[in-house]
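Scrolling down, you'll hit the structures one after another.
In the two assemblies presented below, chain A is common to both, partnered first by chain B and then by chain C.
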Partner chain A sequence: MAIIKAQKTTARAAPLSETSVVGWLHKNLFSSVFNTLLTLVTLYVIYLTLSSVFIWGFWDATFVAENRRECFNNSLTGACWAGVIDWFDNIFYGRYPRDQIWRINFGGLLLALWMAPLWMGRVNGKVLIAVSVIAFYPFLAGYLFAGGSKNLFLQIMVTGAIVAFAINMANMITGLTRRVSLNVFVIQLFGKTSAAEKSQRNLLLLLAGLVYAAVFFWQMSWHVEVVNWTKWGGLFLTLVISGIGIASALPGGIILALGRRSKLPVVRVLSTGFIEIFRSVPLITVLFMATTMFPLFMPEGFVLNKLVQVIIAVVLFNACYMAETVRAGLQAIPKGQFEGAHTIGLGYWGTMGLVVMPQALKHMIPNIVGSFIGLLKDTTLVSIIGLYDILGMLRSISKDVPWIGLHKEPLIFGAILFFTLCFSMSKYSRHLEVKLSAGNKH
Partner chain B sequence: MIIKTNSASLIAVAAAAMAVSGATAVSAAGTLDTVKERGHLRCQVGPPSPGFYNLDSEGNWYGLDVSICQAVAAAIFGSKDAVEFQSVSSQARFTALANGDSDMLSRTATWTMSRDTQLGIDFLPPIFYDGQGFTVRADSGITSALELKGAKVCVKTGSTSELNLTDFSRLHDLKISQVTFEDFNVRDDTYVNGGCDAVSNDKSSMAGNNAAFPVPADHIILPETLSKEPLAPAVRQGDSQWRDVVQWSIYTLITAEELGVTKANVDDMKANSTNPSVLRMLGGESNLNEGLGLETDWAYNIIKSVGNYGEIYDAYIGSGEQAIGIKRAGTLNALWTEGGLMYSPPMR
Partner chain C sequence: MYAPQSHQNRNAIVTSETESMPAVRIRPKERFNLFQDQRVRAAMYQVLAAGIVGFLAWYLVTNTAQNLEARGMNTGFGFINATAGFDTDFKLIDYTPGVGTFGRIFLIGALNTLLISALAIAISTVLGFFVGVLRLSPNWLVAKVALAFVEIFRNVPLLIQVVFWYIGVFSLLPVVKKTIDLSFGAERVLLNNRGLYMASPIPGELFWMTLVALAVAIISAIIFRRQTRKLQDKSGTQIKTLLPSFAVIVLLPGLVFVATGMPLDWDVPALTGFNFQGGTSLPPAFLALLVALSIYHAAHIAESVRAGILSVDRGQQDAAMAIGLKPGRVMALVIIPQAMPAIVPPLISNWMNTVKNSSLAIAIGYADIVSLFMQTGLNQAGYAVEMVGMTMAFYMAISLTISFFLNIYNKRVQLVER
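Take a look at the complex of A and B:
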């Protein structure tokens, strides 16, 4: 006899072991005698470690002191964070003149504002924003940081940067408030929605031209004083070197990777040779070559400053690593994609730019971000050749007479700082992966 | 095969020629003129070393060697700020001087014969006489280095101290075992925590480091000195005029101390002194500047900007606020009139 229920059984609540904290603990930590023992032992070890770290780093630590002797007088066994705090300006800005530090902060703020729309779902034209950052921001920031007199080219680029930034901000505002991009908004404002496309475009160009001219005359009237690059340092210098490295390694790597896969023998051999040579030499050797050997081969009076030499070395070195990452991504794209692109009439650049690269780059995100994190950490090598980047500064604290011998605390502080930077990069890459849904395609 | 060898040697020759022409190009125009034209002096120091060149929390360099750089800048430009400090790693220090990157170096480099004769550089009068010694725990009962038989000694690797220690151990048959470290902070931590019986290093830096031990009074520096370490600035070989400028800037510091001219009284001395030596030095009645190619008040500018040798010593090595605390009286670094080695030829 079959038992058939006419109604649907009401759902029962999930068992207590699946929902409550106690249930979770029982299932995961105390499921058997052995596991219970393991849990207790582990908890004890964690307690021992954390409590001693807490006592050293916080409970017994000194945060306010004039010198290390005062720290010792306060507590012989605690950390002396006062030295690190006293050196904050050096750690973050290096030897940059203290009354000019606002320029670095302002430059950083500009970049953050400029990039902010990239994270906003409602704003249009993200590709243009990204391109404008790479094309214009370096000139504006470079002038802000270095200062001095502007030559004509720099004036043109700085003006371009200011205009691009203003347009970007206006675009963000119209995007957030009205969900339209700036150009549409302007056309509506002038009531030309029904005008011919050509006259619309002319209107936009005219307005942009007017703004550009106005900004150009305005920027001629101001300038900031020179700050020699030898005064750059600390986290600021680390971010400058790695920022330029990151911004140029990817394009450089793509070009080299395409070169290596090219059918033209000269291009292929040159790219391969370049990649193999730079990849086979340690970065520190490249840096030493760039800074000590290079001046020997240059004519008298030709002085390329050390910072530029270092940046060139870092960029070339990382472009080579990036090239191999990109090549791996390209090889993962099935042949059918290339053939498909050809059948719809795309040429080489069309195939690469519209079909292959977008797919390949998506899959390379974990590797690319891995390289970027490596690059950020590698830049600390410049402290060996005498640039006072963040590591150089942290190590110098132990040589400053008031803080002589203080070396653990600065390095721990540096480790925390680096962890924060690298971990947020890693988190961002996960976010990108999810957003481009690269993770669940295959 | 033959063609290959030829092209290889051709490249080598070309590279060598380029290197040589580069080197000669640097020395062709006088360094003094180059420096004057540039508007500032490029003075090489090293990664910070307490007492001699280190950074303060405001990002300024200070120390004995830093003051030497500033003295030279003051002699040429009348301002001690007309100097760019280049911090170069010790592996690259002499290359960076020889290839024209630095105009001079002042960075606790020991004047040795092989460096002076083989590296294309010239050493100038020593500004600090150092020597290697030992630090031990006061309660160990050791009072002489000769009692260190079979001891474990912490020492920094890659420096002359490692070699000196080996020599000393062999000479006196002490069978000292060395524990080497890359970083002096780690070396000192190991010693303080009982990892070795003694530390061996230059006495000057040991004094500075020991002052930073949790309880400095628990440690003593033994009287023996293992080595001679005259720390001297250096310039590129083959430019006598430039060498003279730097050399006499240093001598001015010593002479000024001998004559009692200080940063504070230099204006008064210049106006009212009746001592012919003082007047000659400060430019009142002589043409000492002509041979150097500097302004008449070059020596006045040096003393006005950085003080005399004794003042500099006090500020950074001796008893000043920023000093590492090594007493001067009775050491080689005292003036010759007080039994030391600080001696300047007459400025006349």
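Take a look at the complex of A and C:
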């Protein structure tokens, strides 16, 4: 005989030890005598650290002062942030002429706007946007930052960049408001939706050509004041070097990684040797090689400036690290993908470019962000060979007469700045990793 | 039904099910095309690649030779035997400026790099394992503190940390007159803004007997441990080894040391003039670089240790707890041994990075190979190509050695796993 209840038993609430704050505290902090002791000691250490940091860095600190003497007069035990605040412009822009700083800000704004559609779900053509940034933005930014006269090639590229930027923005607007990409919208506008594909394409090309020509004539009249590279510095220089580094290390790394996995022995040995040599030596020796040996490598009378030497070194060095990232990404692609691509008749470049690389690159995005973080941190090494990047600037504060001997505060400011940048990026890359691997599960 | 394969035509595929159908010839006769043939194309690509690289090398070498000649610079490795006229404040081997050669300078720099790397590797590995285990502590607060440690020191550039420890900590220590005594009044370990001063032992005549006793004690402890292991495997009887081994290792050399009349003197640092003389001294740059490298790499190692531990199946821990092991022994006997194959490769690549990152010594003037040989030496002698090349070759040799051992380890682990 079985006893069956007519009504369903109501579920009991979870025990208090699982849900309440006290339960959580007991489980995670005070579960045993030893644990309680550990928690209390840790709390005490945290209290000591935080309180002394707070008193030194905030409570006793001086934020407004003319020089270090005034800081000392205000308080002997507190930080002297006034020196750092006084040098803010130098820390961020180096010795860039103060009335031209808008160019750096404008360049940064352009880049942010250009890349913004990459994070918008409604906008199409993300791959094209990414490629256009890498292909065109450096020329526009280079012209904007350096100024001076432009030769024909630079004019063509700058015009291309402006047109690409304009198309990108228009595409973003049509995407956001009407959920169509720009080309579809233009064709609708001209009422050619039912026309043949060829005439549609001709119309688009004609319009793009007209815009290009107009912009080309418009930009010919531009004149931007020359700013010598020796005046570049601060965070701006750090970002320029690491930005160029990551943008050119990616294609270089892809080529090297393909070379390393190639079936052709000569290509494989050359790529492997190149990668391993650069990966086994410290960056500082490569930078030294760049500054002491590159002048000897060049034909007579051909002089590279120091910034270009450093950038070449950083690019070579990072391409080799990127090659290993790409190789790991390629190894994660199952063999079936290669075989499938061969079966439908694709050759080597077709297989790699259309089937393997797109999948591998998508998986590598978190690692690429990781390399960028590493590169950003490594770029501080250029201060050793005499470029005034952000660390160079931070260290010069202590040599400035009003702030003589002010060492600690600038370095801590730099540490906080880098921590904010790198930590947020690494959090973002971890988020991407989770997102991408979640989308990959079937 | 079994149908024998056709032997007449190797290129043909015979459909075995329908025997009435004639063999179908799949591969059509190809006309030989120079640019379409795979082997020809492969050979062409390789010749092209080799040609480009060869041309580049030739171009750089001829340019360099021309430039060197135009600037009247010397070449060749003759400078190694030339005397160097500069001194260094930290050296492990004898060297006198004006007498010692550039080869000697290279050796001093290399030894200094190896010394600081080895110390930093040892400290960062121990600290990294400790923090990595703390990251997984059941105590929420401890785990979060470990997390903060890892994130803070991983995300700040190492160079900033090195400079900060040097300028912000070790250079701001009390002056010589207000030296901190770390040995609680015994004046054996002293710290001030000129560095760390330690008393160094001077072994007496009969001190070798103590060393022999120590070796005997260690060997006998190892044998004892092996025997107890064997006994445990055979009969299950456990004998505690820790206390007896410890007693033997301390008591035997101690007794010999006392019996031979304590033949050990200490070279104690003493204040003479403006600074301490005698004993062993480590300059602030050394201490700053050591601390910065150890902490930075400990943060990285902690992350790989944590990842390695998490890679061990949770059931292993449950099973170990179920048979009654204490939490510490679960870690030491069950989890860590299984996590090792996942921990070791990133650990060793971290060691390699430590060696490479010790080159940041150049920013604070510790006499490692880069700052002593490749910077100061290069400024004095001016053999740019040779000196940069030798420095790079030194680092390459180290990284090749390390990856050689890593490969051996990986093979052993794979064999065990089978």
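To be clear about the criterion, the second predicted complex is superposed on the first by the 392 of 442 C-alpha atoms of A that agree within 3 Å, B and C clash if a C-alpha of one lies under 4 Å from a C-alpha of the other, contacts with A are read in each partner's own complex, and residues count from 1 in each chain.
Keep this in mind: a residue touches a chain if its C-beta (ideal position, glycine included) is under 8 Å from a C-beta of that chain, and two chains touch if they have at least 3 such contacts.
Worth saying up front: this structure is predicted, and the values here are computed from it rather than measured.
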| item | value |
| --- | --- |
| Simultaneous placement of chain C and chain B on chain A, clash or fit | clash |
| Contacts of A:Asn28 with chain B and chain C, given as first, second, both or neither | second |
| Partner chain(s) touched by A:Lys377 [first = chain B, second = chain C, both, neither] | second |
| Contacts of A:Thr292 with chain B and chain C, given as first, second, both or neither | both |
| Partner chain in contact with A:Lys263 - chain B first, chain C second, else both or neither | second |
| Chain B versus chain C as contact partner of A:Phe419, first or second or both or neither | second |
| Per-residue touch tally on chain A - higher for chain B or for chain C | C |
| First (chain B), second (chain C), both or neither touched by A:Trp87 | first |
| Partner chain(s) touched by A:Leu118 [first = chain B, second = chain C, both, neither] | neither |
| First, second, both or neither for A:His407, with chain B first and chain C second | both |
| Doubly contacted chain A residues - partners chain C and chain B | 288, 292, 295-300, 384, 395, 407 |
| Chain B residues within the chain A interface of the complex | 18-19, 22-23, 25-26, 28-29, 47-51, 54-60, 84-89, 92, 95-96, 99-101, 183, 185-186, 188, 208-209, 211-215, 322-324 |
| Interface residues, chain A side, partner chain C - complex | 28-29, 31, 35, 38-39, 42-43, 45-46, 263-267, 270, 277, 279-285, 288-289, 292-293, 295-300, 373, 376-378, 380-381, 383-384, 391, 395, 407-408, 411-412, 414-415, 418-419, 422-423, 426 |
| Touch list for chain C against partner chain A, complex | 42, 45-47, 49-50, 53, 60, 63-64, 66-68, 70, 138-142, 145, 151-152, 154-161, 163-164, 167-168, 352, 356-357, 359-360, 362-363, 370, 374-375, 378, 384-385, 388, 391-392, 395-396, 398-400 |
| For the chain A and chain B complex, residues of the former touching the latter | 68, 72, 76, 86-87, 89-90, 94-96, 98, 228, 230-231, 233, 288, 291-292, 295-300, 384-386, 388, 392-393, 395-396, 398-402, 404-407 |
